Structure formats: structure tokens, C-alpha cells
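Next, two complexes with subunit A in common: one pairs it with subunit B, the other with subunit C.
Let's look at the complex of A and B:
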């Protein structure tokens, strides 16, 4: 356990910890470009240099392990001069792009310049070396080599995290630049993380590009509903619209997969359901609920199927609906193989709440096989469920079968659905989800739902009330 | 330098204190203007907003906004949102879009100034890094029949004023010159 002093303050750190980490314990933030806590150290940007007593040269604090008795200074004149000079070199050919750069407002280079340099450029803007701008390097990313500071975080991410090695540093010395390997596209399922870890605007997201400025964004913690892993994420939104999802700061998941990051997309799609949908036409929610209630009440064999895509609360509301129907035909137990599929984050189980759905009906109920058998045998004539869970019903639906689903978007409605009821997604209404390890995560609300679209539990309660009205 | 002027606040005399004489003097001024306007000899008022008194020629006052244009007519604005950020009245609304070929990349698909909310503070002009917005048209906004008329869109704002010379902003250099064809 080495003990050292940083800026005159003593600190004790774990064996192998770097000076930069030790300074972090004291609340001293050393500026850095290439250092990322989840990536191996590179020591290439020289921004984090510190002065160590007795050492002839400044040392990179991100790659120098803390040693017993070290006396470190993070703000000596030599260190300040070194930072200023590093920034001057980085800014020599850096384009004057801040007004059009998406990173502006959350850019390390901007922040460090204001904090550590503020020097006027000695290099005329006309002499700046042009480089390739706006290169599409994958389905999600744009590369701007002019803005790059060659910290190689992206290269190390592709080498160490996804192990796909699409990116590399091409050329030598001042002619080096980030390039993509011949014949490859940056589409490894985690590529949008590069837009986050890039300290400048060299790698920007095509989804987020030019849509909103960073300083307008509000941040709300959410649980990612892309799969059963249930990563902790943060939704960035402004004016009732979600613009991007990033991993929550301090979460155990340092990354977030591309699919999870884009789970807010159905909200922006033009086919969002704001009314009920029966056969082929829109209908107001209230008559749609009455129609659905009439279909369920009219059938002796009505069934309720929960959904692993719905929250614990909404599954409980569906279970209450099954009780109101007085039917034994309900199913909330789903079995899915779970576990991390790719060694990073993506789960084998694509549904976020397989474990939580079972809580709605701990005893009784059918299993999926029995439910399918009864549908095929014609014992069940009407069924209410959520759109994605309707895929659990195997085979062709019998003639006259009434399938009633809850859906957020029109494209979600399964073939053969008789009636569709809208519901507020989990970006618009709170929900509890249980991930594959049994960890409960609460998510939402981030933005308000479209006008007149209640949460699923509310509509299910209205359905149950309408059923009671029919019975009386 | 602050100039100081001493004001002699002498107490009112008896005639002034009873006000009657002063009221009559005030009414005389009003009546003189009334009859002058009525007889059309020396009119002091104009039927605003149909007719307006032009602003003083070289006045540095802040007047209606305009968006400056590049020589090719495209707006110099790159939709950086700094004016919208600086605006205390929140009267500026921008939507950014991307040029497919132009290396400047970003432009405002829509840019509107709601003059009914604008407080004419000039912060947008101060904030602009591209020198793209100016408040030098000499037109004083106001006197509209509907709120909609006071909402200026991109085309309204790009209307040129006589004698304007196009100039180059920092990022606009990319659009022109030798570095432009990349």
C-alpha cells in the first residue's frame, strides 16, 4: 500500500494504482485525453504530465504507478508550461469548427484550453493543414480527422473491448491519422461508445449529429430495456424529446451497446399509436377499450398473456385483469436462456423483464405450451397481451380468434391482431424491471407521453372496470 | 467621464403652487399642436404604422435583425445555436441541417426570430462566432396586425439591405478558397 504526497497532501493507494488515480482520490483532476478508466493506459497525449521530486523529466501520471514516498506536484510551473505547450501543439492544426462541431460544450479540448492555456494562437489560421473531414466509417459514426487529437481511445476500444480491431493509426509522426482497415466498416454492435469516449469531435454519432446542442440536454437516469442485462443508462433529452442514450456515470457497465442506445427510436418514429386501432382504422381510446372489453367478456374462453417486455407493475395490472375476467387462462411464466452472449453486455434473452413478469402471477396460470395447445384446440377464443409477446403464440390463429394487443407503434402490431390499444412507453411512464441477475431497476419517466396515451396499467384497469360494468 | 450638472431645485412660487396657471399653460401647448395637426400645417405625428419616421441615418441603435449571406446567397449562419443560447427572451428558434456536399456541413434549415418576444438587447449579435446575425437594418419593429407578422423566418431575415457587402466568417473560409474542394 504505497503512501505518497500529491501537492503536499498525503494519500495511500492500492498497489499498482497510478498517480492519476491517486490524485483522483484527493479530488485533484489531472487533465487527460488518452486516459480512460476502462481502457488500458497509452501515455500518448502527454496532457497528464506531473512533476515527481527527484525525477529528471516530467512523467505521465496515467501510466506511472504510485510508489512509496513519491512527492508529486500537479501544478508546478514546469507542469503548467508543459500543459500549455501540449495544448498549443494539439491546436496547431485543429480546425475552427466549434460552431458546427457536435462535441462543443462537452469537449475536453475546449475545456482544457480555457482552463490551462487561454493563449492566443501563434499560428495563422490560413496555414492550418487540411485533413479529411466527414468520413462515414460505419452505420453510426462519422470520422473527422481534422479534429482528432490522436489519443487512440477509439483504437484501444476496438482492440481491447470489442476485439474487432477495425481502427488503427496510419502514418507516422505529424502525418499520422486514424484510419479504418481496408474493407471493414465500424459496425461491431458497440460503435456508438466511440462517440462518447472521443474527447473531441472527431468521432460523432450520425443519429445525434446536428440535432441538439450538448448544453441544452437534460439528463435522466434510466434502465436500458434492450435486453435482459438491464444496463444502467442515462437518457439525454430536451423539450420533451430524447436525443441520445449513454451509459450512466459510475455504472458497473462502462459501455452501452448500439441496440440499447437506440431503444428510444420508436418514440421518434412517425407511426406512434395515439389512439386505439381496430381492424384497419383508428378509433378513440375509450370506445376501443369498450370494444375490447366486450370481445373479452363475450368469449367464454378468454385468456391473458403477460409480457417480458412490460414492467412488473403493468404485468400485475394484466394479472388483475385476468382475475376480473374470472379466467384460469393466464400465463406470466416465460422461460428464456439468459447470460451474456458476446462477453461484453448483450444478453441471450432479448426481453428485459422475463424474471419480473413471473412476479405478477406467482402461483397458478398456464405455461406457454399449454396456452398454445388450448388456442389450437379452440378452447381459448380471445386473448389480450402485449404486441411483442404475441410472438409467443405459435402457429396460425384459429378462425374467429380475437387477438387484442397493447402496442406503442403501428409497426409493432402483429399480423392477425383484432384490436390494438396504445400505451405509454417506459420513457414516458415509470416501470420496474428485473434483470437476469434478479437486480431491480426503476426507469422513467423521461419525457411526457403523447396526449391521451395512458400507461398500460391504467388502460388495463379501465378494461377491468368495463368488464365489471358488463357483468352487472 | 461622467459629466455633472447641478440642478437648481428652487421651491415653487405662489402662482405655480395653485397650479391653475400651469394647467392653462399646458393646455395651450396641447391646443397649439392639436390645431397645427388639424390644419395640416406643421404635423408632428405620423399615422403609424402605415407611415414611419425614418431612423437617424448613422444611428448605432439596434434595429430589426437580419442574417448575413455569403456571396452565393446561402446564409453565413452555421446553426451553432449560440444566439439561441444567449437570447434572454428565448425568441430565436433554429433547426440545424447538413449540407450534403459543402464542407461547412451545417446550416440552419429554419431560423426564426419572434419579434413580439424580442427585447432588442443585441446579445445574439454579440454571441455569433460567424458574424452572421446583425441588427442594423434600420427598421424598427412593431405595429403589426397579428403576432404572426412579427415572426421572422429565414427568408425574411436573409433580405438584404442596400449597400451591404458580403464578408467571410471563420468557418466560412472552408466553403471558399483553396481548401474548399476537399
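Let's look at the complex of A and C:
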């Protein structure tokens, strides 16, 4: 456990911790470009240098282990000069296109320049080396080599995290540039992390480009509902619209997968359901609820199927609906293989709440096999569930079967659905989810739902009330 | 003494090398035991001849005794700096001494495989060396169970692909591994984690060639040559405006004056000495007066504000434009920077652009100070010393020949006067 002093303040760190990490414990943030806590050190940007008493040269704090008795300065004149120099070097060929750069406002180069340099350029603009701009390198990413500071975080991410090695540094010296291997596209399921870890605007997200300025964004913690891993994330939004999702600061998941990151997209898709949908036509929610209630009440043996894609609360509301129906044909128990599928984050179970759904009906009910048997045998002639959970019903639906689903988007509606009821997504209404390890996460609301679209539990309660009304 | 042990005549052939006493030192080493070999080389005071001058015996002793798995010995023959041509001469004239030195070093550090990393452009030398390795193998000096001792040692020749940076030892290791040739962060040092992650010693070809005679005649004999801090002989490759440029093996500590006047036959065509880069294109310049007063060894050159480097002595005559010369260096280092560290990648290019502007008469008065501060910002700020290799000469050129730079910045260029000569 080495003890050292940084800027005169004592600190004790774990064996092997770097000076940069030790400084972090004291709340001292050392500027850095190439360092990333989840990637192996490169030590090449030279921005994080510090002065160690008795050492002739400045040391890179990202790669130098803290040692017993070290006296470190992060703000000596030599350190400040070195930072200014690195910034001057990095800005020599930089295009200074900050006004049209999506990284503006959260750019390390921009921020560090303001904090550590503010020097006037001594490099004539006509000597700047032109480099390749705007190159699409995958379904989600745009590479702008003119803005690149060659920190190689992106290269190391693809080498060490996804182990797909699509990116490399081509050329050498000041002609070096980030390139993608011939014939490859950057589509490894985690590519949008590169837009996050790029300290400048060299790698930007196609989904985010030119849509919003970073400084207008509000940040709300959410749980990613892309799979059973339930990563902690942060939704960035403004004016009632979500613009991107990033890993939550300090979360155990340093990354987010592309699929999970884009789970907000259906919210603003053109097929977002704002009304009920029966057969082939839209209908206001209230008559839709009445119709659904009538069908459920009218068919003996109507069933309720919960959903691992719905929150604990919404599953509970569906369980209450089953009780209102007075049916024993309900199922909230889903079995899924769980565990990390790709060695990084993506779970074998694609549903976010398999564990939480079961809480709605701890005892009784059917298993999926029995439910399917009764449907096939014609014992169940109507069923209400959530759109994706409808896929648990195997085989063709019997003629005249009344399948009623909750869905957020029209594209979700399963074939053969009789009626569809809209509901507010978990970006729009709070929900509790239990991940594959049993960890509970509460998510939402981030943005308001479309006008007139209530949370699922509210509609379920209205259905239950309508059933009681019918029964009375 | 003025005996040559490296550049000996008529020993290029293995039979002749053997007749002259060659390959006996290996036999002696094998009978001494590893620790004794390292102790002998340490006692000789031999220092690395590649440029850094690190004590060779100590370098060998850094290989962990208890390390499991393979260890490697690497001979650095990637001689690529402008003005350096000593290893090439050594490989041509005395290849067996390099191979024997490798075998002894391999034995000392417990390696059974050695690599020679030879500069890609040295194609004739690579063929010649391949034949030398084959011959040594045929005689049983390389291969399995050498001289019945139970020690196995073989040598692979690996040809570089033309990058100067691969002469830096960790970049060299990456290059052998098939990776991009760029220097690695240290620690870990190669002695702990080097080639393929195994403990590795990298020695310059000239260093290794000195080892057999140290084993043969003993550390005390070796240390009796040269100066106390820099024992032994050194290859000096002298280029520039001298009558007899070439490679000279001389005891370390030889006065520069003697090297120039006695061995190189003085300045060519009666020209006057202006400056000297005593340790190659990466060493700070000495003025004529400083050079004529200095001895050619590690300590004396350091005290004079320069360095021995690889022993490439570049002699600059009066009338040669220092701005143009520095421009040549900047072009070279800009081209050869691996591009990894920001100060080197951007600094070498900036310096090159500034110097190109000054040379062409497009300079601004502030350019000299900009160049100086750019060089200062590159000094000691990078993973490997390539940035310093440009920055240190640049700082010395500017401080010692400032007037020439200022004249260029004011628009009075040599090019206008013709032929890179000061008007």
C-alpha cells in the first residue's frame, strides 16, 4: 500500500495503482487524451505528465505506478508548460471547426485548451495538413481524421474490448491516421462506444450528428432494457426528446452495446402508437379499452400472459387484471437462459425483466407449455399480453381467437392480434426491473409520453374496472 | 595500445577467424559458468555501443535468474542514422566476432535463441551474414549442444523493412513480432518482458563483437585501453569534409584533434572546421573550438554538452549552412517518427516546416524563436528519444549559430546565394 503525496496532500493507494488514479482519489483530475480507465495505457499523448521530485524527466501519470514516498506535483511550472506544449502540438493541424462539430461542449481538446493554454496559434493556417473528413466507417459511426488527436483509444477498444481489431493507425509520423481494415465495417455491436471514448470529434454517432448541442442536453439515469444484463445508463434529452444513451458515469458497465443504446429510437419512430388499434384501424383509447374488456369478458377462459419486457409494476397490474377476470389462466413465469452471451455485456436472455415478471404471480398460474396446450385445445379463446411476449404463444392461433396486446409501436403488433392498446414506454413512465443477477433498477421517466397515452398499469386498471362494471 | 580487436583484417572467413584464435573465447566462457561470464564483462567496463552507453554486464544481469520459459538475445544491427556506418563495416569485416559475442551473451543470460535484426537496406550484408551463420553452425559453434557443453544456441537473421525507429530496442522487438514498429512504454524493460513477452537482452552489434576478446584476454586487459570511464576501443565513423572519411577503431578517449588530424588526414582541401556532430545526427553540435578540445569518450563529450552516441562523427566545414543542415535532420526525423507521441509526431513536422520556410526565404522573424521553443517542447517529453534526437541538435544549432538562423529569418537565404553556402 504505497503512500505518497500529490500536490502536498498525502494519499495511500493500492499496490500497482497509477499516479493518475492516486490523484483521482484526492479529487485531482489530471488532463488526459489517450488514457481511459478501461483500456490498457498508451502513454503517448503526453498530456498527463506530472513532476516527480528527484526525477529528471516529467512522467506520464497514466502509466507510472504510484510508489512509496513519491512527491508528485500536478501543477508545477514544468507540468503546466508541458500541457501547453502538447495542446499547441495537437492544435497545429486541427481544423478548428468547433461550430459544426458535435463534440463541441464536451470536447477534451476544447476544454483543456480553455483550462490549460488559451495561447494564440503560432502556426500559419496555410501550413495545415488537409486530412480526410467525414468518412462513414460503419452503420453508426462517422470518422473525421482532421479532428483526430491520435490518442488510439478507438484502436485499443477494438483490440482489447471487442477483440475485432477493425481499426489501426496507418502511416507514420505526422502522416499517421486512423484507418479501418480493408473490407471491414465497424459493426461489432459496441461501435457507438467509440463516439463516447473519442476525446474529440473524430468519431461521432450518426444518430446524434447535427441533431442537438451537447450543452442543451439534460441527463437522467436509466436502466438499459436491451437485455437481462440491465446496464446502468444515462439518457440525454432536451425538449421532451431523447438524443442518445451513454453508460452511466461510474457504472460497473463501462460500455453499452449498440442495440441497448438505441432502445430509445422507437419513441420517436413514425409508427409510434398514440391510439388503440383494432384489426386494421386506429381507434380512440377509451372505446378500444371497452372493446378489449368486452372480448375478455365475453370469452370463457380468457387468459393473461405477463411479459418479461414489462416492469414489475405493469406485470402486477396484469396480475390484478387476471384476478378481476377471475381466471386461473395466467402466466408470469418465463424461463430463459441467462448469462453474458458475448463475454462483454449482452445477455443470453434478451428480455430485461424475466426475474421481475415472476414477482407478479408468485404462486399459481400456468406455465407456458400448459398455456399453449390450452390455447391449442380451444380451452382459451382470448388472451391479453404485451406485444413481444405474444411470441411465447406457439403455433397458429385458432380461428376466432381474440389476441389483445399492449404495444408502443405499430411494427411490434404480432400477426393475428385483434386489438392493440398503446402504453407509455419506460423512458416515459417509471418502472422497476430485476436483472439476471437479481439487481433491481428503477428507470424513467425521462420524457413525457405522447398525449393521451397512459402507463400500461393505468389501462390495465381501467380494463379491470370495465370488467367489474360488466359483471355488476 | 592501439590494437584493433573489432575491425581486424582477414578474419571475415570462419577458417581465418578460427586460425586467429576465434571461437576459443566461447569455449572458455562455457567452462567459466554464467555468473563468471557476466562478472568478467561487468569488470571490463564495456558499455553499449549503440548510443546509450549502458554498462553491458549490468544489462545482462537484469535478466531475472528465476524466470521460467525462454529468453532471447537480440543483436541490433539496424544501423540507420545519417552518418552512422560502423556496424555495416563490422559485419562485413568481422561477422564471426558478432556471432561469437552473441553465443557468449546468450550463454550468460540463459538464452538458447538469438536474433540479429539487420537494417533492411543491408541486403548484401544480410546474405553475407546468413553464410556466416551457416558456417558457424556447420562447425558446431552454433546449434544444439555447442562444443559438447550441453548449451544450445542458434541465431535467426531478421531483416528490417526500412524504418529507422526499429533501431530503438522495444520498437525492434515489436517489429520482430510482426507488429507495428513503435517503441513500447517502459517499464517493463526488455530484460523482464521483451521479445514475445520473454526476458530479452538487446545489444548493439559492436558491443557484442567486443565480448570475445574480453573473455579471451580478460577484463583487466580490456579496461587498460581507453579512459577509466570508457574502457576499450570504439568504432568511429567519420564523414564530412575530411581527407579520409571512414571507420576507425580507436581507444575511447582519443582526442578529437587526433582523430581528425592524424587518422582522417585533416580537413579536406584546406577548409576550416566549423562544427562537429560528435555522436551522429542525434547529438548536439560542438563548435570548432569545443571539438578541438574534447576527447572522444562518454564523460568528456557529456561534459562538453554533447554525447558519444553511436560514434558517428559528422564534420562540418566553414561555409556550410547550419539552417540547411538542420533542415536535413528535421526532414529525416519527421519522416522516421513513428507518430505515437504528440510532441514528436507534431514537433518534428513543425520543425521541418519552419526550417523549410527559413531555407526558402519564406521565414518570419519570429520563426527562430518558434523553432527553439518547439524543440524545447520536444525534449524529454516522449516515450523514446527520437524527438530528442532532433530537438537536441536543433537547440545546439540555434544557440551556437543563431546569427545564421536570424539572417535566414530576415530573408537573407543561402539558397539565393547558391548551393547551400553562406554568402
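Please note the rule applied: the second predicted complex is superposed on the first by the 472 of 472 C-alpha atoms of A that agree within 3 Å, B and C clash if a C-alpha of one lies under 4 Å from a C-alpha of the other, contacts with A are read in each partner's own complex, and residues count from 1 in each chain.
Criterion: a residue touches a chain if its C-beta (ideal position, glycine included) is under 8 Å from a C-beta of that chain, and two chains touch if they have at least 3 such contacts.
All figures in this text were calculated on a predicted structure; none of them were measured in a lab.
**Student:** After the overlay on subunit A, what do you see for subunit B versus subunit C, clash or fit?
**Tutor:** fit
**Student:** After superposition on the shared chain, which partner residues are touched by A:359: those of subunit B (first), subunit C (second), both, or neither?
**Tutor:** neither
**Student:** Is A:106 contacted by the first partner subunit B, the second partner subunit C, both or neither?
**Tutor:** Neither subunit B nor subunit C is touched by A:106.
**Student:** Count the residues of subunit A touched by subunit B and by subunit C, then name the partner with the higher count.
**Tutor:** C
**Student:** So, does A:88 touch the first partner subunit B, the second partner subunit C, both, or neither?
**Tutor:** In the superposition, A:88 touches subunit C alone.
**Student:** Looking at A:133, would you say it contacts subunit B, subunit C, both, or neither? Reply first, second, both or neither.
**Tutor:** first
**Student:** If you stack the two complexes on chain A, which partner ends up touching A:210: first (subunit B), second (subunit C), both, or neither?
**Tutor:** first
**Student:** Can you report the vertex angle at subunit A, computed from the C-alpha centres of the three chains with subunit B and subunit C as the arms, to the nearest 10 degrees?
**Tutor:** 90
**Student:** Can you work out, in whole Å, how close the C-alpha atoms of subunit B and subunit C get once everything is superposed?
**Tutor:** It comes out at 19 Å between the closest C-alpha atoms.
**Student:** Which of the residues in subunit C end up touching subunit A in this complex?
**Tutor:** Against subunit A, the touching part of subunit C is residues 163, 165, 180, 185, 334-343, 345-350, 353, 366, 370, 377, 380-383.
**Student:** With touch defined as at the start, can you tell me which subunit A residues reach subunit B in the complex?
**Tutor:** Subunit A reaches subunit B through residues 95-100, 104, 125, 130, 132-134, 209-211, 213, 215-216.
**Student:** Name, in rising order, each residue of subunit B that touches subunit A in their complex.
**Tutor:** 78-82, 85, 96-98, 103-106, 129-130, 170-171, 173-174, 179, 182
**Student:** Please give the residue numbers of subunit A that touch subunit C in the complex, ascending.
**Tutor:** 33, 41-47, 49, 56-58, 60, 63, 81-82, 85-86, 88-90, 92-93, 122-123, 127, 129, 149-150, 168-169, 171-176
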